[in-house]
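Take a look at the structures below.
Shared between the two complexes below is subunit A, which pairs with subunit B and subunit C, respectively.
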Partner chain A sequence: MSRRTAISCLLLAILLAGLAAPAAARTRPRYGGTLRIETVGDPWQLPSGIARRLVLDGLTTLDAAGNVRPALATDWQSENAGHRWIFRLRPGVRFHDGSPLTTIAVVASLNASCPSDCPWTSLRASGAAVVFSSDAPMPNLPALLAGDEFLIALTLSSEGKTPTAATGTGPFQVTGFSNGVLSLSANDTCWQGRPFVDTLEIRTRRALSDQRLDLVAGRADVIEVPAEDARQARQQHLLLLASPPVQLLALEIADSGPLANPNLRAAIALAVDRSALANVIFQKEGQVAASLLPQSLSGYAFLFAPERDLARAQQLRGGITPPSLPFRVEGDGALQLAGQRIALNLREAGFPTQLNSAASHPDLVLRILPIEFPAPAATLEQLFRRNDHPDPVEDNPAAEYKAERGFLDRKTVVPLLHLPRVYALSPRVRDLALHADGSLDLANASLEASP
Partner chain B sequence: MSLRQKLLLLLSLTVAAAVAAVAWTVLTRIRHVFEQRDQEETALFVSQFQREFQHRSAEVIESIDHLAASERARSMAFEMVQSGDAWPYLKEAQSLAQLAQLDFLEIVGPDGNVVSSAQFPARFGYAEPAAARAGADAFLKREELPDGSAALGLFAVRPIRSAEPAVHLIGGKKLDQSFLADLPAAPGMTIGLYAADAGKDSPALFDPASFYQGGGLVPNAPRYASLIQAARQTGRQTTAILSLGSRGEESASVTAIPLKSNSGAVLAVLTVAISRAGLVAAQQHIRAIAYAVASGGILLAIIFSLWITARVSHPIEQLARAAEEVAEGNWDVHVPERGRDEVAVLARSFNRMTTELTAQRERLVQSERVAAWRELARRLAHELKNPLFPLQITVENLVRARALSPAEFNEVFDESTRTLSMEIANLKTIIGRFSDFSKMPRPQLESVDAAAVVQRVRSLYEPAADAGIVFQTELPRDPMPLSADPELLHRALSNLVLNAIDAMPSGGTLTLSAKPLDTLIEIRVADTGEGLTPEECERLFTPYYTTKQHGTGLGLAVVQSVIADHGGTIAVESAPSRGATFIITLPKAPA
Partner chain C sequence: MRLLRLLLTPAIRMPSSLRLLAPILALFLCAVAASANSPWDQPASALADQIASILGPGQARLTLRNLSSVSPDDLAAVRRILEQDLRTHGITPSGDEAANQLRVTLSENSRQRLWVAEIVEGNETRVAMIALDRPASSAVQAASGITLHKQFLFTATQPVLAALEVPDGLIVLQPEQIVLYTRAPAGFTPLTVFPIRQKRPLARDPRGLLVSTANGEAFEAHLPGVACEGINAAPGAAGQWTVHCHDSDDPWPIAAPNLMQLGSAPAPALKAFYNAGRDHYTGIVAPSLGVDLPAFYTAAWFARAQTPALLVNSLDGKLQLAGNATLTPIGGARDWGSDFASLQSACGNGTQIVASSSGAAAQDSLRAYEIPALEAIPISPPLAMDGSVTALWTASGGRSLFATIRTEPPAGQPVLYEVDRVSANCN
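Moving on, here comes the complex of A and B:
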């Protein structure tokens, strides 16, 4: 190499270094700032309330691949073929009020969050460990404990008083709630490390149309976008963050009263036109589903055929015309529209319905069920438990398929669509990712510096 | 009913009938006027409704025309036809309907299926036949809604010209409460619209929730059911009087006007109810006046009838009372004679008649009395003549016997004195009978058993009777109480029995019987003698009449007198050669 060549290379290197420096600075997260989030619902509600995972931690957590990772528990082991589990707590973890995380506090929290119908039958503290016991095996307990339902909250402070606000060990702590805005500040002593933003402002119960206006006007950083509006949001060049399918739109059918006959329930399942729901109402943002778990999660969803067969439905009805069936839709917007469409489908099959009936126990309920875990067995077990079918599911595809097939053959839950969660972001939000259940991982998000 | 009452009734009925006739005429006329007014108001409203309907039709057509020509609709139709995708336009109808201020809007794709529906968003993909009416005038249509109900609307269809095959817009406005509220209803007029589907035509399935007026649901809606059903079934305007409440003024004259689709099917019924409160109030007012007039008229009729009575009916009533007295035997009656009218003439004639009757009766009594005396004299002469003749013969024999020897004279004398004594005794008997008849005592009534009286008579006369006479008695076992004087009754029956014995000189059967009737006791005395002729039967109870050679003719007269004094009757049944039966009826003794 000649000297001239060497000098040229040196200059080029300097130039490249100069060009690279700003790029490197832009990818490095910045501490500080207030991230403004808007949500339609209650931030604390189960499941998937947005504030729960920001303030509270579970004993375990799941990575994107569905593997169980340590959280407040550092390790765990099962005994007696899964009938007994021992979780050892992470040392040195403190609640936001400074009180230490103890096994007694963990047991009290879990007892408060799950007073009955729990996966376990007994729970106790044993030194630095929490012991779960059950008469039935609990093969999916570590994964289930990662769910929102079993996040650990302080139930009694060190002074023996009930905390006025939710107190946990998460990356953010509650600082106030006024005018519908929940304020959270960064937990500097979080065992996972301090989050990048200083504060979060969660504006609750905000209408979707107002959220859209706030985002466009720069008054919000993260808003919710219903799946059916995602196409329109893209056309408006909004920055979207969409999850894989993490929600199941399902029709729940009562197996008592006029629909006690399984043939009638099967006829209802055959009458629903899923493609109209997916392609038109949800604007092709949902996936037609005949299984509880999406194909990407279970790998066997293609074995469930989502066919509509009106003639077969009428044949199964066998000339029986049930009375007008109370039909409740839990949700608004596209869900109400889907409910109307299903009512039309059912009327074609000879099932009159009474949409949005005030009946306390409607025969038909249309609702969205969360697919909370990336672990199929744990998800199935949780869905079964929601439908009074608390059978444990072994963690292997054959057992999962068998359990799901058996459950769906009862025709009490008819899967219709798998839907993603979609958020729209302002350009100043950086590094915002989603958890495996589609919730926002705000602890690792940061904000661009103001110009 | 007296003449006074008749007059009162007649006058009252006349007044009431006259008032009722006038009231009925006035009420009929008023009802006719009100009905004519209702018809005119209904006809006026119908024409106004048609104008409002046309006006709304024009509005709908203009809105749809404007919408179909808009750049937004043309772009949408073009992209839809080019891409072949309808799903991105699911919510387009809602925003376009809002833009055009339409209640209903559907976008129908080239295949005739709904792409987007503002009123029923879930109905996408379903066929909409109304799209075939593109270009036609506005029309009525019942539109199904998501909650299962249906709404009536005024629709128009227009194609969006930018694309081939055409995409259609079907838009419309509701015919609802606000539409009804905008209609120009006259005071007292209520406009309703019944828009339930045809399946709810029958009164049993009448849906009150589908029957509304400008201010909400129609009250007492079920009362309209039959009228609405009639209008739907006939397809013609129908009118009826409906009672809309418990009170009369809550009724209304209701006209049901069917609203039809282009195919002629009745989609809804417009009701025009005109309150009859004014008519009912007028009718009630007139009725009240009629009642007052009738009451006054009847009062006047009473006064007038009293006056008429005083002038006319009172003399007639006096005449009637006098006539009744004459009928009862009191002929000495006179009525006042006032005035010169027919009633006065009648009164004078009546007085003359009673005077003549009284005089004639006096003359008759006088002549009867003379006849009675003559008869008495004749009987006395006859009765006394019979014993006098032997007396005369005996006295003459005694005179002639003075010429005989003392022995013969004594023999004649003894025989003559016996004869004289006998005849004198006979004269005494005759005189005693006459004396008894004149001194018939009043009966001393007591309770006696008729059977006992009959048995007593039998036991008295049976032993003394000839052997050829057979006594029979027919008596019931139950007692037969009589209120009678036992001695007089015994005497009467004894007379009958003696007569019966006399009537059977050759023997026969004498039957004594008694039996109770309803309120009477019947006693029969029957013989099997020669019997009586009808003439004898007629005169049998006449005093001094006898069929016997030595009878006085007073026996049966005494019997009749006794029976009459006891409040009873006596009769005879007889025919020649068949015996005679005397039948006595006497009242039973009170229990």
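Moving on, here comes the complex of A and C:
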């Protein structure tokens, strides 16, 4: 038998053996394995740091429809027209170090995460409940407490020491950090159930180009894909997971100094060419926006017109030529390109700018704001609070529209694009879904068995 | 409608003057009757009220656009109703000559529909807005061949692990509670909730099992690490159940004697130990089948030449049949998902295995199979389900199945778990 014939026979035998073998059915999620994730950012950064929701839980959580659901609190009630809220804790929950979740621990955590400018003015433990009080009504407090900012972390261990690593009640616990890799292991006694994978390895501050190489080489299971690269990744047949629009690219304008005049700020808003940003820089992966909330979330975004009107911008400027405006861009890659494009637009409208990523007191800032909640009122309230306008927003579309219109009319925040969050996955990742804010639901993901 | 019937009776009985007016009156009354049932009446009226309070009487150029899931057919009806309502407020929708513009947009977000009116008077634009509930999506039916049929029973917001028919309704097992549903004209409605109060953490892929006594007056529920017993203190009276739960590592009765007949004999009682930490059966069963079973996710009795055999899917996805003290690999399960259950019917050899599909798509299907030799042979076309099958179990008596379907809602809508009864018809 020639060598070629022998190889052919061997291949045929393998093929027939494969056909004869019983085909395997699809199985339930498999327990075990190590899931490797790479991120360009800090895993603990606020908001949306990837490790925060893996290790920490909130008093409440939000479902996909924006409804508030119990988490570490099982129920809550408001008194005195929303000026006072009482949250009762879930019994039997323990932190990763074994110490019990108590109202005192919750109060200490919230005081540490929000030392000032909180949605509440006072906070105290009362038996099995945590009581929030405020001079102003807090209609969205249950939803706000689901946010990344207010996740509960242990501040003092049972021995009275400060924990060396973030310690929460979430599905994973921190086991180490070395060479830029944060290691987390499954919390076997998690109140929501043990996650399927045994460990997570989060490689932090990894450049996007390196992430792509690691995925292709089989060294990573989940990587980040910037929205502007999603089209190319699709063409390369990468397995992608994309969220609805959950990020807002916005230009923030200082309302003091050379742009204290609201007409100048309105002129800047009219000068920006959003379509060019969407079509050229973000490769049609973003939606042109003139509202804080995307249409899918508010239903009224079409009422905000994203038109560019250079003539009107120049008219509003009224011959005033401000000095060169310091312009900071918070981000790399496409954000830097977007900053340069906006600087050109502004120059056309008579506003000279000076791009400077290190500017400490810039007049203009280009950044991505997360749309953290699937609940319009809570999202607006949080965005307002970040811009020093802590006004409560009623939970109904007419009130939300009025509040958003009032805020945007100040022209201190100019919405430009709504962007999705996109990830690429290795084929061995199963059942990985996204939370409503576009973050990864890694606790419910599992890995295919090794062949 | 009595007047309508009178008008539609043979004209010969009517006076001549009424005879001339009858067709016009009949058309008018039909139009009124049709519009009276429209779901758009109330929102159109509410929006017209708001518009009128801003605009006041006069002419306005009305434009209507649709950014929502309202169908084009309904759009015409909405426009007609809105125009009628505006006229009752003294606002006349007119052509281009009107100074005021009225731009109405039918929109929606993830939670609700929004109807928005932009009222443009000169350079000023004011906005009126009303919110209305989005309707639930309708179910789709499909079946042919040896035909599987499904019948909707109820939906729940929490996963349904198992359900059991009892004389006064349904006992439903969920991860944290047992719920008694009663029959109502509109379907099953929850009547009593019995919290389970588990001490151990819940599983992320929760499983559970319910078995009843022969007379349906008591049941056993099994969840990872917990067992419950329910007793009906007053059989025949709804809601007289008492339920007691306790920690338990006892084996689960994966096939109870009253569950189904296999040929002329009931299926043998079999209990299997469950690994509560990993959500699967360990493979240890009592009484022994004379062969070592692998750890498995699902098991179902199957009649083979009048001899019962146990079909199991092991953790690696392989399908195996345990019977006559041997373990035999079964092929043809490439399209199978994780869930299957036995079904007794008057079709084929009398016992079929109904399996969920293996697709990763949002929509699962169920399909009936027979296993005459070493291969599972499909004997029905797939029955499309309205989501992914998360649990499938044989109903008491074995003549039908229950399936829990996790519905994939539109973006922003909460997940619902739909419970359907599945049965087979022979062709």
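Here is the rule we use: the second predicted complex is superposed on the first by the 422 of 451 C-alpha atoms of A that agree within 3 Å, B and C clash if a C-alpha of one lies under 4 Å from a C-alpha of the other, contacts with A are read in each partner's own complex, and residues count from 1 in each chain.
Keep in mind that, in the parts below, contacts are C-beta pairs under 8 Å (C-beta built on N, C-alpha and C of every residue); 3 or more make two chains touch, one makes a residue touch a chain.
Since the model is a prediction, treat every value here as computed from it, not as a measurement.
The superposition on subunit A brings subunit B alongside subunit C with room for both.
Contact comparison for subunit A: of subunit B and subunit C, C touches the greater number of residues. Residue contacts after overlaying the shared chain place A:E448 against neither subunit B nor subunit C. In the superposition on chain A, A:D409 makes contact with neither subunit B nor subunit C. In the superposed pair of complexes, A:V280 makes contact with subunit B only, with no contact to subunit C. With both structures placed on the common chain, the touch criterion links A:L355 to subunit B but leaves subunit C unconnected.
Residue contacts after overlaying the shared chain place A:Q340 against subunit B, while subunit C stays out of touching range.
When the two structures are aligned on the shared chain, A:D332 is found in touch with neither subunit B nor subunit C. In the superposed pair of complexes, A:E79 makes contact with neither subunit B nor subunit C. By the touch criterion defined above, A:D63 reaches subunit C but does not reach subunit B. Superposed on chain A, the gap between subunit B and subunit C at their nearest CA atoms measures out to 27 angstrom in whole units.
On subunit A, the surface touched by subunit B in one complex and the surface touched by subunit C in the other have no residue in common. Chain contact summary for the complex, subunit C toward subunit A: residues 67, 105, 107-114, 116, 118, 127, 129, 131, 199, 201-206, 277-280, 297, 313, 315-319, 329-334, 336-338, 355, 358, 374, 409, 411-415. The part of subunit A that touches subunit C in the complex is made up of residues 20-31, 63-67, 92, 188-196, 244, 295-300, 302-303, 374, 376, 396-398, 401, 436, 443-444, 449. Within the complex formed with subunit A, the residues of subunit B that make contact are 86-88, 90, 120-126, 146-148. The touching residues of subunit A, when paired with subunit B in their complex, are 231, 276, 279-281, 283-284, 337-341, 343-344, 354-355.
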